[in-house]
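Below are two complexes that have chain A in common, paired first with chain B and then with chain C.
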Partner chain A sequence: MLVQLLVTGLALGSMYGLVALGYHITWVTSRTMNFAQGTAVMAGAVVAYGCHVGLGWPLLPSLAVTLAALAAYGIAIERIAVYPFFRTASPAWLLSTIACGIIAENTAMLLFGKDARAFPSALTQQPILVGGAGFYPQELLIPVVGLCLVAGVQYFYHRTSYGKQLKAVAWNAEAASLMGIHIPRAVMAAYALSAVLAAVAGVLLAPILNVAATMGTIIGLKAFAVAIIGGLESAPGIIVAGLAYGLVESLVAGYLSTGAREIVGFALVILVLIIRPWGLLGSRPTRRV
Partner chain B sequence: MRYVCSLLLACAVALSLSAASPAPAASPLKIGLAAAVSGGSAASGEAIKRGIQIAIDEINAKGGLLGGRKLELVIRDDEGNPAKGVTIARELVEREKVAAVFGGLHTTVALAQVPVWHELKTPYMGAWAAGTNIAQNGKKPNYVFRVSANDDYADRYLTRYALDTLKKTKPGLLLENTAWGQSNEVGLLKWLAERKVKHVGIEKFNWNDPDMSPQLLRLKNAGADVVIMVANAPEGAQVVKSRAKIGWAVPMVAHWGISGGRFAELTGDLSDGVAFLQTYSFFGKQNERGQALLKALKDKYGVKGPEDIIAPVGTANAYDGMHLIALAVAQAGSADGAKVRDALESLQAPYAGLIKTYKPPFTADQHDALTDDDYIMVVWKGGKIVPVATK
Partner chain C sequence: MSDLQIADLVVGYGAASVLHGISLAVRPGEVVTIVGANGAGKTTLLKTVAGLLAPRGGRIALDGLSIGGRPAYAVARQGVILVPEGRAIFGDQTVRDNLMLGTLPRRDGRDPAGIARDLEEQLCLFPALRERLDQLAGGLSGGQQQMLALARGLMARPRVLLLDEPSLGLSPVLTRQIFDAIGRLKAAGLTILLIEQMAAQALALADRAYVLERGRIVLEGAAAEVRENPMVVQAYLGHGHDSQETP
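Right, the complex of A and B next:
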């Protein structure tokens, strides 16, 4: 029982972490984020479904089209819902990104329908049984891909010149701009990357969760909680928080009851907010007086 | 005001009667359908529509009713919303002047509409929603009739199947965390108690839950030897996937919710052996009406075969329901709501229908034409629905 719950929890948790990373990426660049990040998860799954199942394309071209489409989606969100307010330092992007998400979700309902559809994957055909526990290979793929992407994002921000530029924008936009960094382009790039990560999560999840127009909402919300718990500034913190959140959910559902799962999960969020408002692995912000 | 209205109406009737020109008998006789024809349950509304329409075509081909009046179907969308359901119920009766109304999938909508049918004295024919107290609503006279399942009977049927046919003694219950799950929890506990069988656990899940293995593991650890499930297609599919994942080959017996969506597509081979309740199956040998219905579905809607029929119970229930209403109108010699209602309760000729021979379908105390004697148990096999022997 325990092994089963751990495997399930890790798979769910790494997916929360992956989506939460999308919040982190735009936050460190622009101090804004797409509150409808969950919609990007759904959009990724729906576009992949459309290419792979609807049009019958092989998996790899479908993935390529999906990632490109979601990069464009991220840029569109940034242009429409963030950029106009970013310029005037207005917090209206909070609402406008949510509005965009609702529009995207309802568009998906119109085009894709409200039914859940199956996304075939070779990795969910046969569960692997180990002792008393079982899991689908796909559930192992999610943590692996998740950790690789985190490592990639970390490398990008700390070791590559363009990554450092993106971070510089967040620290001091004016100075960065004076150093020749094109700020609007940097923010657009961050949004594109953020949506692509969500799309990866969506495609990985599709065979397990099925594809539905409403699949992203609750994932996006929990991922946001994870991003806050882990610390918006800290990518490793977010992944740790994601895994922890997935494990807590799974263990509570297994040993207490499914009804208690959300109660315990979100109660922990509040607890962390009170004790460590800067997140588990985030650093305490220094205030200049 | 009402007095003036009825006076005007009386004058109008008198005038139309005295007029020698085209007999009013030639005007179409309208039948309403108030169901979800958009959204996630649209398949059920479409299935019901097909059943009614095919029956209407058959009746019209034989010259219609009441001396040549052709039947005509008027459809309104309840969007699964009880408030909308009440609005369209009134619109169908007051503006469209329908003689009777068919209902759709949602128990919540059907319950909200019950007072409207009684106020407007219009017979209602339930074709899907199984909530026990829709038909057993305590009204006298009762305007609600149903050719469909009833949760209470369904729960008794599922209990019997698990205990007698499968010979299991430790049922675990797995229910969706909604009013529908709740209504079945009541029913299942009642019938298990009657058989003096103790369940080993009641587990619930929410819509869109990604993983059901914790619930299944708890039932497994509690020693369940059969799982009785009340779920719709998406969640039912997750249950079956999780069951395969934890490697638990427990027999599953399900209410019919899993047949209202794309359960077979979502589960693939994993659904093999999952048994569930239906009122009718288009697979296997068909009676005369079944053959005619399959042909009509093919000609009119391009349905290739039984495996291609979406939400089959909706079509079957509505088809028999429409013929029963037609018989009642003929017996009453009138499309007046109160008279048709009385006739439905006292239909004299037995009706050899699709699902069974109704003799009689309804009585003053029994407004469910189908009981658990008429339900069938079917099982998924390679994505197809195969009837199983239950007796």
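Right, the complex of A and C next:
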């Protein structure tokens, strides 16, 4: 039972971390984020379902189209809901990204219907049995892909020229623009990357959670909690917080009850925020000129 | 070598005007300095030329081509490079990465041989950076950070270099090193517009100078003449003068 809960917890937790990383990426680049990040999770699952099941395409082309579509979705959110308010210093982007999310969710509901649908995966046909515990290979695949992606994002930021440019924008946008970096384009890239990460989470989770127009809302909210707990400025903190949140959830659901899961989870969020308002691995805020 | 022409430039923040019709020129290969008190508008002028602030009126031209009102990234790609006050280095990246970010505005694109040559040149100009290439820039001392900011600006192969208070907060020894480096850049023929609290050193180095007071140019001429002007001597070259401009 414990092994099973740990596997499930790591699977969910790595996905919370991946979605939360999306909040971090746009936050450090632009001091804004997509509060409807959860809809990108949903849109990833829905588009992949549409290509793979609806149109009957093979998996790989379906994935390619899904990632491209979600990159475009991220850019659209940035252009419509963030860019117009970027220079006004007003937090209007907060409301407008939520508005965009509601529009996206309802559009999906109109096109896709209200019901949850099963996403077929070869990796959820036959459970693996380990000492009385049973889990699907998909649940093992999820944390592996999730952590590889996290490593990939870190590689991108620390080793590639474009990643270093985005890092420079995050450190000091004005100085970065003096290096010839086009800031609005960097912000668009951050939003595209953020949506793509969420879409990967949606596609990976679809075979386990089923595909539904509303599937992203609670994931997006939990990922936001994870991002705050981990520290919005700290990518490693967010991954640790994501895994921890997934494990706590899974253990509470297993040993207490499924109903207690959200109660304990969100109570812990409040507790951590009281003790360490700047996040687990984030640093205590200092004034930077 | 390029020349920079500014004519009737008007700049303001909100309702307040800071620069009221500034005209000045930096000719090819010239070092021009602007002398002025705190709040006279010196930093505002450089920020406007670099594209960080939008002018309300007037004209800024590089080799006859208008760059006024264009965004900072585009101005940088034209070869007008600002080394800002306070250095603005990228503290979470290595010295080498900072220098490589400096190459982004170059027109020769990703020419590795040219970049390697220029890197070597900067490391000869600022030897302290050589042994720290792979350290995080945030761990450098103030003087080293200023050298890094200058070297990073030079990695762009600037047509015009804008320097905002390069000696701010530095010890006299380091200040002399920075001025030595600027002197060598001048000897190499670089076109430089320099703002400096150390008016005496700046005037000693510059070819020509302008005196800026409350957003207006009140005096201009050869640096040697401006240095002898009684008003300048009294206001800016007096002993113990230690002003720090705030943006």
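To be clear about the criterion, the second predicted complex is superposed on the first by the 287 of 289 C-alpha atoms of A that agree within 3 Å, B and C clash if a C-alpha of one lies under 4 Å from a C-alpha of the other, contacts with A are read in each partner's own complex, and residues count from 1 in each chain.
Criterion: a residue touches a chain if its C-beta (ideal position, glycine included) is under 8 Å from a C-beta of that chain, and two chains touch if they have at least 3 such contacts.
Keep in mind the model is a prediction, meaning the values are calculated, not measured.
Q: Is A:L178 touching anything from chain B or chain C once the two structures are fitted on A? First, second, both or neither.
A: second
Q: State whether A:R87 touches chain B only (first), chain C only (second), both chains, or neither.
A: After superposing on A, A:R87 lies clear of both chain B and chain C.
Q: Quick check on the superposed pair: does A:T258 touch chain B, chain C, both, or neither? Answer first, second, both or neither.
A: After superposing on A, A:T258 lies in contact with chain B but is clear of chain C.
Q: For A:K167, select first, second, both or neither according to whether it touches chain B, chain C, the two together, or no partner.
A: Second partner only, chain C.
Q: Which touches a greater number of chain A residues, chain B or chain C?
A: Chain A has more residues touched by B than by the other partner.
Q: Spell out the part of chain A that touches chain C in their complex, as residue ranges.
A: Interface residues on chain A, with respect to chain C: 161, 164-165, 167-168, 171-172, 174-183, 289.
Q: Quick check on the complex: what are the chain A residues that touch chain B?
A: Per the touch definition, chain A meets chain B at residues 1, 4-5, 8, 12, 114-118, 124-125, 127, 129, 132-136, 208-210, 212, 214-215, 218, 250, 253-254, 258-259.
Q: Help me check something: in the complex, which residues belonging to chain B touch chain A?
A: Touch residues, chain B against chain A: 39-40, 43, 177, 203-206, 208-211, 213-215, 217-218, 221, 233-234, 237-238, 241, 244-247, 261-262, 265-268.
Q: Spell out the part of chain C that touches chain A in their complex, as residue ranges.
A: Residues 50-52, 71-73, 76-77, 81-82, 84, 86, 88-93, 97, 100-102, 104-105, 152, 156 of chain C touch chain A in their complex.
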